[in-house]
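Note that the chains are named A, B, C and D in the order they appear, and that numbering of residues resets to 1 at the start of each chain.
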Amino acid sequence: MSPARLETFADGVFAIAATLLILTVDGAVRGEGIGLSASLTHAWPAYVGYVVSFLTIGIMWVNHHTIMSLVVRVDRRFLIANLGLLMCIAFVPFPTRLIAENIRGAGAESAALAYGFTLTATAIFFNAVWFYAAVGRRLLRADADPRVVAGITRTYRVGPWIYLGATLVAFASATASAILYLAITALYIFESSIFGGRETIPD
Amino acid sequence: MSPARLETFADGVFAIAATLLILTVDGAVRGEGIGLSASLTHAWPAYVGYVVSFLTIGIMWVNHHTIMSLVVRVDRRFLIANLGLLMCIAFVPFPTRLIAENIRGAGAESAALAYGFTLTATAIFFNAVWFYAAVGRRLLRADADPRVVAGITRTYRVGPWIYLGATLVAFASATASAILYLAITALYIFESSIFGGRETIPD
Amino acid sequence: MSPARLETFADGVFAIAATLLILTVDGAVRGEGIGLSASLTHAWPAYVGYVVSFLTIGIMWVNHHTIMSLVVRVDRRFLIANLGLLMCIAFVPFPTRLIAENIRGAGAESAALAYGFTLTATAIFFNAVWFYAAVGRRLLRADADPRVVAGITRTYRVGPWIYLGATLVAFASATASAILYLAITALYIFESSIFGGRETIPD
Amino acid sequence: MSPARLETFADGVFAIAATLLILTVDGAVRGEGIGLSASLTHAWPAYVGYVVSFLTIGIMWVNHHTIMSLVVRVDRRFLIANLGLLMCIAFVPFPTRLIAENIRGAGAESAALAYGFTLTATAIFFNAVWFYAAVGRRLLRADADPRVVAGITRTYRVGPWIYLGATLVAFASATASAILYLAITALYIFESSIFGGRETIPD
């Protein structure tokens, strides 16, 4: 299987998971008639959740592309690691709904934990995919730039810890945990626009 | 990342968002037995909303393709602007349901505002995508026709104002606002079929 | 826009519309516990509806590909006709649910009419797409085989009448109408497997 | 139709069916407030069902690709067999929900049977697709390795019997049947990672 075909399948899962997020918003607003305006205002955590999860999935799609642009061939183990990763990505709409519905109530802690563990698992699978490909340059292109490879290794290694940290904060404060999820995404978007913003992304 | 890959991902989001619109119609008709015929008739705003939003997303898909046909490379900022745009496109099914369910009742104003602000935000992101690529011809192909570039710039600049105008009309009359959304789409289809209808669209 | 890009977008809509059909089956079986077995049996019209609509969309996908394989370029009017066609295809899951839920009850006539009018509209848009491309060979490849072109023209011309006929039968008997929808699909599959079954489909 | 185009359409159905599985999980957790934590724990069969069905669809996607990599051309009968296969794949989210909701209750047997018959039918259609292409090497590439062809034939022939066996176990014990479905997927992943794990998958 060419890396391109795997990437096409993966892109499908990324695009569908991101687009299904709207069902969270749609489910959050059920008031009719005179109550619609209040219902629309009350549903603000659903909008925030939509934006954060959409951008998170979007960033992961870019990161997945960056990996695939360095990979020259695909074997069965790499494929299975990718299936695990996609399984996590497609899971994201579920904890997004939980957090949107519960962040203001008694279920906030459970919801924040569910969201955090999903993203931690996703970050772990990103590491599985990357390290399987990169260790000993097993699946990498011969011309893959060693500095780029080392840079990805450095960044990915901390990913699960950052998300695990934000998740554990939920035991103290679910709100703080949710703000951290938002901040991680916002920081990535910000950093990536200011520095590196004009870098051409590898084909 | 090649413009082609970004476009494939974007096309997925456009296609899914458009196809998910049917859930609005599906949710609007719940009568069974003898009441089905009345329920089907009563749901007419859902059919109108389906057609208008499907065509609106379809037109935006064509416009997005026109931009991408002029773009020669993709950088991170351009990618993030595109994610913002796709986030708006995938949002469209939600206010479509609101307007289909509420246009005849007390929630009409809120629904028309939600629809209008979504399309205004979409038009703003279209501008962000376009101007980021086009200012100083930053990401444009060397052979991009200056008249085509100037034409897009002219058209896009007014887009948010047109949608904002139609949105603000909702404070006076939600029905008038909804008719304007329909008229904008109908005009585009009409204009595009009469003039320019035989133009080959750029690859 | 190259015919290939339009076809990729269309393929997305075909694939999503077909896959969303499962929501009809899913909604039809809600019994739990001891009642599940009865609920599963009782839902048989949903399975039939799923199979008929899935195969109908599948056949339309093949037919759309056959058109696109003869088309050499795309203009705005052709694109808009295609959007209309896709709008009908994406609509199919809705009347499929109606017919699955209502074919045994008082709503059978309305449901059969809704299904039939949707497929009649789809057949009309297929004609719009085809004749716009084929009249005067406007958008056809120079090497498009005239016998193939004439054959498609002959077949498509009768399509709307066949579906309209089956639809109008619903005024006499909704069940007869539903059996005709099934028979049209079954005949196509059968005919296409016996004759023409070993023909290579054009690229 | 080129095998590549059929594969693109099929990949769309695989990706959407897999991603729609999250609706099963989403529907299983409806508690709010203080009850959310208990609801999340209670829904564990939905998580297991999600993982098993996602990986099963993922494995089928890889297997479908392996077939398509050996196929040089597509005729109408092959296409129709593929539509039947995709119809089964897109069906998987439905029995996954049944099993997730009912495995602990009185509906367990019905749910396990529904899941098993779906996968048995899928395995039968895989055989239809493969044997139609492979008998007399009807649609295979001239350079298709005879050992690979014989290997697939050997493996596919037992597929439906394995799933039928696991299905019939449900008459004795639905739980045992469900564990067998999980075990079949786990074994495949395990076997495929240990042996053959470093094999490059054919383009």
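What we mean here is this: a contact is a pair of C-beta atoms (placed from the backbone, for glycine too) under 8 Å apart; a residue touches a chain by one contact, two chains touch by 3 or more.
This one's a predicted model, so the numbers in the text were calculated from it and none came from an experiment.
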Labels of chains that are neighbours to chain A and to chain D: none
Chain of greatest Cα-centre distance to chain B: D
Same or different residue numbers at the chain B/chain C copy interface, by half rule: different
Between chain A and chain C, centroid-to-centroid distance (C-alpha), Å: 36
Cα-centroid distance, chain C relative to chain D, in whole angstrom: 26
Interface hub residues of chain B, defined as touching at least two other chains: 8, 12, 16, 20
Pairs of chains, among all present, that meet the touch criterion: A-B, A-D, B-C, C-D
Of chain C, residues touching chain B in the complex: 1-2, 5, 8-9, 12-13, 16-17, 20, 23, 73-77, 79-80, 83, 86-87, 90-91, 93-94, 97-98, 101-102, 105-107, 109-111, 114
Chain D-touching residues of chain C, taken from the complex the two chains share: 7-8, 11-12, 14-16, 18-22, 25-26, 29, 31-37, 40, 50-51, 54-55, 58, 61-62, 65, 69, 189, 192-193, 196-203
